[in-house]
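In order of appearance the chains are A, B, C, D, E and F, and numbering begins at 1 in each one.
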Amino acid sequence: MEALYAFCVGLLTASGVFLVLRSRTFPVVVGLTLLAYAVNLFLFASGRLTVAGVPVVGQSATYADPLPQALVLTAIVIGFAMTAFVVILALRARADLGSDHVDGREEQSNGELN
Amino acid sequence: MLNWIITFAFALLCLALILNLWRLVIGPDASDRILALDTMYINSIALLLLYGVWQDTSLFFEAALLIAMLGFVSTIAVCKYLLRGDIIE
Amino acid sequence: MKLLLIALLPWLGALVPLFSERFGRTTCAWLTTIGPALALVLTLVMLPSVFAGELVQVRYEWVPQLGLSLAFRLDGLALLFAILILGIGLLIILYARYYLHEKDSMGRFYSMLMLFMGAMLGIVLSDNLIQLWMFWELTSVSSFLLISFWWQRSSSRKGARMALTVTGAGGLALLAGLLLIGEMVGSYDLSVVLESGNLLREHEWYSTALVLVLLGAFTKSAQFPFHFWLPHAMAAPTPVSAYLHSATMVKAGIFLLARFFPVLSGTELWVILVSGAGLCTLLLGAYFALFKHDLKSLLAYSTISHLGLIVLLFGLSTQLAAIAAVFHIINHATFKASLFMAVGIVDHETGTRDMRKIHGMFKYMPYTAVLAMVAALAMAGVPLLNGFLSKEMFFAETLAQDLFGAFSWVIPVLATVAAIFSVAYSFRFIHDVFFNGEPVDLPKSPHEPPRYMRVPIEVLVAICLAVGIFPGLAVYDILRAASSSVLGTEVPEFSLAIWHGFNLPLLMSAVALLGGLAVYASRAKLFRFQARFREPDANLIVEREIQRFVRACQRLTQGLENGSLQRYLGLLFLATLLMMGSVLIDLVPLAGSREMLPLDGVAITAAVLLAVSTLLTVLWHNQRLIALLMLSVVGLIVSIIFARFSAPDLAMTQLAVEIVTIILLILALFFLPQEMPRESTQARVLRDIVLAVLSGTMIGGVCYALMTRPLTSIADYFLAESKPGGGGTNVVNVILVDFRGFDTMGEITVLGIAALGIYKLLMHARLHLPTRDANGRAWAKDKHPPLLATVAQSLLPLALLVSVFIFLRGHNLPGGGFIAGLVTSVAIILQYLSHGVEWIKDRLKLNYQTMIACGLLIATLTGMGSWLFGRPFLTSWFDYLNWPLVGEFEIASAIAFDLGVYLTVVGATVLILANLGKFSTPFRDAVPDQVVDRPSTNRKEAR
Amino acid sequence: MSEILQVIVGVFILIGAVFALIGSIGLIRLPDFFTRLHGPTKATTLGIGAMLIASTVHFTNQSGSLSVHELLITLFLFITAPITAHMLAKTALHNHLDVMKPTQGQETLKRNRDS
Amino acid sequence: MQHGVILPILIPLIAGILLMLPVMHKSVWRQRCGSLIASASVLMMSIWLLMQASTGDVTIYALGDWQPPYGIILVLDRLSALMLLLTSLLGFAAILYACHSDDTTGSFFHVLMQFQLMGINGAFLTGDLFNLFVFFEILLIASYALVIHGGGKQKTRANVHYVILNLVGSSLFLFALGILYGTLGTLNMADMAAKVAGVPVEDQALVEAGGLLLLVVFGLKAAAFPLYFWLPRTYSAAVAPVAALFAIMTKVGIYSILRVFTLIFGEEAGELKDLAVVWLWPAAVVTIMAGAVGVVAAQGMRTQVAYLVVVSVGTLLGGIALNSETGTAALLYYLIHSTLVSAGLFLLVDLIARQRGQAGDRIVGTHPLAQPVLLGILFFLGAIAIIGMPPFSGFIGKALLLKATPGVTDKLWLWPPLLLSSLLVLIALSRTGTTVFWRVSKGATKADSAEPGKVVATLLLLSAAPLLAIFGGPIAEYTTATAEQLHSPGELIRQILPGASATGGLRP
Amino acid sequence: MSLFRTIVPRPMLTLLLWVVWLLLNNTIAFGHVLLGLFLAIAIPRLTYYFWDPQADVKRPLLMVKFIAVLVFDIIIANIEVARRILGPSKELRPAFFEYPLAITGDFPITILASTISLTPGTVSAQLSADRSRLLVHGLHVDDVASAIEQIRQRYEAPLQEIFGC
């Protein structure tokens, strides 16, 4: 199970990284979201995986580590705030700069600048 | 016995989810995909409920409730986008 | 104490002219002299004790960690220089009173001059290496200001910059050198350093330190190959040139050589470097001086040449050579300063400094002419003048040295050659300016200058004569005192007689005199010869080189930061990969010893769903809506994963946030371009894939490694304390509102700020409003489908009820303020979706901004409430009440805190989404359907 | 007693899962969007319903007191599922999606398509 | 005053909240008063805290009364007190400056400013690594909003890069947190430090990876090569008071590196000691040189000052790389100097640009300024200080750093870039100064004089240059004591966790 | 009565919320009964303005019956649809038809439309702008007229009675 989980985290990371490296704001935002998923799963896994151990006192015999859960919760909320900001910023950039390119310009005819 | 049934039910639900994904992938139209996604949400509710029964815990009930109550909002939003572009006007 | 006063007086004096300028030029000048005059008097008062061999010191700690103290010493060398600086400085002040034009700001000039004087005095009096360096740099800075006194002139600015650059560079090298010396010695006190000659010379860092110190000295004293800045510093007013570029600042480098002579000299390296540079400079300066038509340039090159002479003497490293060097310092300062001042008078009176125009001045200003000629003869080394004496000593020392074995004779020969040119340009100066017919096209008709303008020259020329005729009487004592500091030992016997009998040095002098006359006589041929070489203008060259350098820097900067985010991100990932990879190589074996969970079908299915939808999100990222749908699947699966691994709170939060995020992205989609952008180049895609795969592999690997290793964490404490200490059974929630409530406070603050920021972003933003959908079809007309509207209405109360439910149970079971807040928000957003902004505005009088503020305030006040009980911020409190019929229930401060969270989440979420919806709507109705995408009109956020 | 309840739970779980699957099969099998729309919106509501009954029975049995909050999920699904279908149908109409050949009332459809 | 430690966080928070309320928000006057009062009181508070910390005592404030390592704690030691004072000084000056016009060119200026200060102060105070992340996010989100204050294409363009890079940075931070929690099982930095040495050999690589990932994150905030590219555009685009406050933002990165790599991976870290040094050296050297080249290349004064910030970051990194008490003491002195002076320069450049009409901050000749003497003297002072020439603070800072460089190898690393960069900056700034102040056309100025409040704010910051030099002794003494405190993490660990042995044993 | 109406503007809603609260908490403990009542009264008042004037349930008992019929029909519809789904798709005879609405008011229309969507093989696709016709898609319709009639009989008529419109 752990290997599968790690594979998913890795895949999400890779996909996030790839999309973040695109040149338009929308895929970048999507990439950041994927990266955030990867981060959350990763942080969550730092408390190890536990099945049937919801950390509610009195509900089971063994408990999952509650601390990473709380951390991920905080991370999700902060991530949401940040995503919201960057999305609106992308709109603003498009409005101000007339392009949704992350550099605020249209690419030159022979492809992008490196 | 119940465990066997639950395992079997899990298998059916997984199959259902895979089929949903299949429709989501092949489309052909955005509407089909939205429908597939919506179905996926509903199948997830079933999955969560089944999981609760299996684990003997009702702690996942609220999660299922949340999907039932809110899951359709994003579907509506996408539909509205396709219809009107601006979803809050 | 007196010493401190001497050092500080010029600094205090710098303020005087600023305030006294308004009282008139003469008053200003006189008042300005008070400081230096007082300092000079104080210095002279200490003369006897210094002659007696006493060392006056004063020291205050300043920055002990740096080894920097405010420390001054007055030994013979310092005394000599202090007298030169103060004495000539006073004369310059007097001279400048008449030299400066009405329009020139006298206060500014004097003030800067005093600053410079203070800095220069600081150098020579310093008893601390760092402090010495500090004053050293201050001379560079203040001379920059003085050179650029006429800042309107391009040449002034350029000359000043060049001087600053060259001397500044040297200064940095000097700093390094001094720090090295300090470190070698273990102290930055000059007194200690001067005791440590052997230690220094034998240290492995000796050569490095020496080179660095010499770089400082050579740049400052315009030694080859750093001489080029000096002629361009002549853009300064002549008093400045007379002071800085003959008597004082350029001597700072010389002073440095003298200062460190006892501890650094005597080694082979010293001899080669110092005498080499000195010799080159001596020849070069003397040769070029002859060909300068500009009076000040001639003097500038002559200065370079004489400085070279002094440096060469120090380079010879013998005791007598050092004494000769000190002697020539005095002599050069006097005759060169007076020459500069004389030239200043000529310039002042004729309006030009071109020797091809100025002729026959003897007729117009005979008195000045005599003074100038005496000084020039001193420069040429004519007997009965001071220049002759030190030059004789110089010749003697060149003969005495034995540096190059069989080729040692080269040095005296070259010295003679230099002297020949020295005589030649001195004669040229005398002959061209004061005789040689009538002047040509002068802008002004010349006459004698004001009386007091000549006084400084008279004083200096008198000294030239006095020293030249009665050397023993005039300078022996001070020379002896100064030399003793330079040598650091007993001063050997030396004689300052005019007549040493017929000897080789005298012959060399004679050869020089006659040769000089001969050279001058054949000057026409020489000038023609020299004219064949285009003379490089250092100003232009340096300026051009600097321009080229600036352009190169610009290219480099642009090359580094091409404004491409993709590159910056790529570098970020690359750096991460490199740094983490470098240590993760050692991570063997990857898997740890922890027992793993068994795999099952549901997990595999979830993984397949996740993998496929993730990959398709990537693959179809240009089909934006579809990518979004795929992203939703990923979010859904992630929340199911959370549920699976015992985190219902997370599952719910993830779900709710997911929905809000998708709504947000769909909102955004409308305003983003719908056309598909060009694909990236294949190379770029390949690069990104490599980066992505490596990143994914690494993070996945680390994740796996972590999960398979056992962990001892602080979690047990939370599980144990949750109920008794936090009053709740849902440990995650108790962590959020209690154990780590501070994090949560921060988190809702982030949310609140984000909402404000987004509001700011949207204000006055002119968003693009596409009038057709991606297929080119017009938008549907049905704004708010009635069925949807009705259902949304019905859901609102239900959703609120569920919110309350989730909110209240959060402390003990999955739920809590955050999720409840999101549920409420989604319900409100649904109203916006189905009814529109106007409809809501009429019905909901909520100010979301106030709501956020209230939420944050409640959370904060709850936290502060614990102060009343003398406990730290956010200390929780709970109790169980037992009411009849109702039964036992809990009240807890955490609930109040959670209420703050709830309000903030609702306020922020709705503010974000509703605003985005709201800002476009008024425009949209105004846009007729036919108008295609309007071009963006940018308006500032400013009102 | 609990054996019988277990059987009941099992049966309802099975019904739920089967209907959920059938709904999803419909999503794949049916030929055009409008027909596909029927599958999930109905089959899944029943699927979930059955699953909820199973859950109710199970937890009532477990805790000894009646567990009926599962009804709420049904309530919400009954409210939301039709509106989802409605909005999706509207979208399909707006986008002029093709309908399968034998569909009756094509004229009606054309009339109702969003211009 | 037992709650004094938390006030630098709470005062701006409450001020921000109150200013957000419509009743306060609608009146510019109330905004200004509230903002100024809040920042002035934080300033007072910081001075008091500095005095408290200067005794050498470490104050620990356990939030929620949950003792470390379980709860979040605030730690006031010499370093955090120093950073607090710097921040509040900067904040006060920036707000004072903004109160004359900049705060009305967009909404929520003062609110965001207060939140920004809260975030920065929190980052300096917290003793918990995850809490540090939270405060990072607070200061970042506030800065995202502040960058676009005033509007305009440049700001938007710069902000897109700034935000996206930092979002990725935040993700990396969380990865690092996950790794460190997953190996050490705790979040309190002192507790982490106590546990690091006891990490089993097979887990060491993981902990190292976590530490290095943190270095990347902090390097991004600090603007170290190759992660500084966002800085010049962002800082030069932001309005002056914001840019001035941002001068401390890079120092948050520096602070974090210093904190984490002296505490967690410090003297007590056993085999994991000195993890960062290998990477810090090249980063420092290249950052210094790239920054200096940027200073030379800059065509606008704002950009030039922004690159000066880059240079100072490189210099500070070099100081950290020295990894010694004297090195740290020197870098702290330099940090105080460079923060205040570069912030002052941002304000000054704005004053200058406003008097140059069309030319703005571009380094070209134009008509004369309205206040050439005042601004000229201030520029001269600031330039000399930042170049590192005497007699102002810069030379003491640089000389301290040079002096703190021990062996030949370290000297070879640090001396050439430090000295060379000084020379390049000297060349560049002398050109800028002579061009801006001296290459002016004849004729009268077309601009008004600067508002006195703005001048006072600028003076407040730039006066640091002479004052830091005059009082160099006591200040260096303080930074030396701070460095001592930092380099004996065992002390701190024992104070925070009285039960822990600093050799890595786990508590019962 | 008017005081009651002031406190409880929508009795049916209040009742519904009260029941939902108790369902949510899975309890009939007195404390929750009380709290639920409070919320059931408070929330409608809070959201009062969000309700456009709507037809209210006039005949609650009939409503109960209607729901029972509906649940039954849903079960049947599901089996029916399941059969069609699993059967050969060639035999499908889908149809679009317009259902002429007799019922008025947005809320009743919504209930009707939802009912149609939930029951045998029909989905409400579009409501005409004048709210007089409802476009319905049937999965398998043999006879359009009888389908319309069935809707009218089984759902619309009872709803008209319930809401009195």
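FYI, a residue touches a chain if its C-beta (ideal position, glycine included) is under 8 Å from a C-beta of that chain, and two chains touch if they have at least 3 such contacts.
If you're wondering where the values come from, they're calculated on a predicted model, not measured in any experiment.
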item: Nearest-to-centre chain - CA centroid comparison; value: E
item: Chain of greatest Cα-centre distance to chain D; value: C
item: Comparison of A-B and B-D by number of C-beta pairs in contact, larger one; value: B-D
item: Geometric centre distance via CA averages, chain F-chain B, whole Å; value: 23
item: Where chain D and chain E are represented by their mean Cα positions, the distance between them in whole Å; value: 58
item: Mean-CA-position distance for chain F and chain A (Å); value: 40
item: Cα-centroid distance, chain A relative to chain E, in whole angstrom; value: 28
item: Multi-partner residues of chain D (at least 2 other chains); value: 23, 25, 37, 39, 45, 67, 69, 72, 76, 79-81, 83, 86-87, 90, 92, 94-95, 114
item: Multi-partner residues of chain B (each touching 2 or more other chains); value: 10, 17, 30, 34, 59, 65, 69, 71, 76, 80, 82-83
item: Multi-chain contact sites of chain F, meaning residues that touch two or more partners; value: 20, 24-25, 113-114, 124
item: Which pairs of chains touch, using the document's own definition; value: A-B, A-C, A-E, B-C, B-D, C-D, C-E, C-F, D-F
item: Chain D - residues contacting chain C, complex; value: 76, 79-80, 83, 86-87, 90, 94-95, 114-115
item: Contacting residues of chain F [partner chain C, same complex]; value: 13, 16-17, 20-21, 24-25, 29-31, 34, 39-40, 43-44, 46-47, 49-52, 54, 106-107, 109-110, 113-114, 124, 127, 129, 131
item: Residue ranges of chain D in contact with chain B within the complex; value: 6-7, 9-10, 13-14, 16-18, 20-21, 23-25, 27-28, 33, 36-37, 39-40, 44-45, 47-48, 51-52, 54-55, 58-59, 62, 67, 69-70, 72-73, 76-77, 80-81, 83-84, 87-88, 90-92, 94-95, 97, 114
item: Complex interface listing, chain B residues touching chain C; value: 10-11, 14, 17-18, 21, 24-25, 27, 30, 33-34, 37, 40-41, 44, 47-48, 51, 59-60, 62-63, 65-67, 69-71, 73-74, 76-78, 80-89
item: Complex contact set, residues of chain C against chain E; value: 61-68, 130, 133-135, 137-138, 140-141, 144, 148, 151-152, 154, 157, 160-161, 164-165, 168-169, 171-173, 175-176, 179, 182-183, 546, 549-550, 553-554, 556-558, 560-561, 563, 565, 567-569, 571-572, 574-576, 579-580, 582-587, 589, 592, 699, 702-703, 705-707, 709, 711-715, 717-718, 721, 725, 738-743, 746-747, 749-750, 752-754, 756-757, 759-761, 763-764, 847, 849-850, 852-853, 856-857, 860, 864, 866-867, 870-876, 938-943
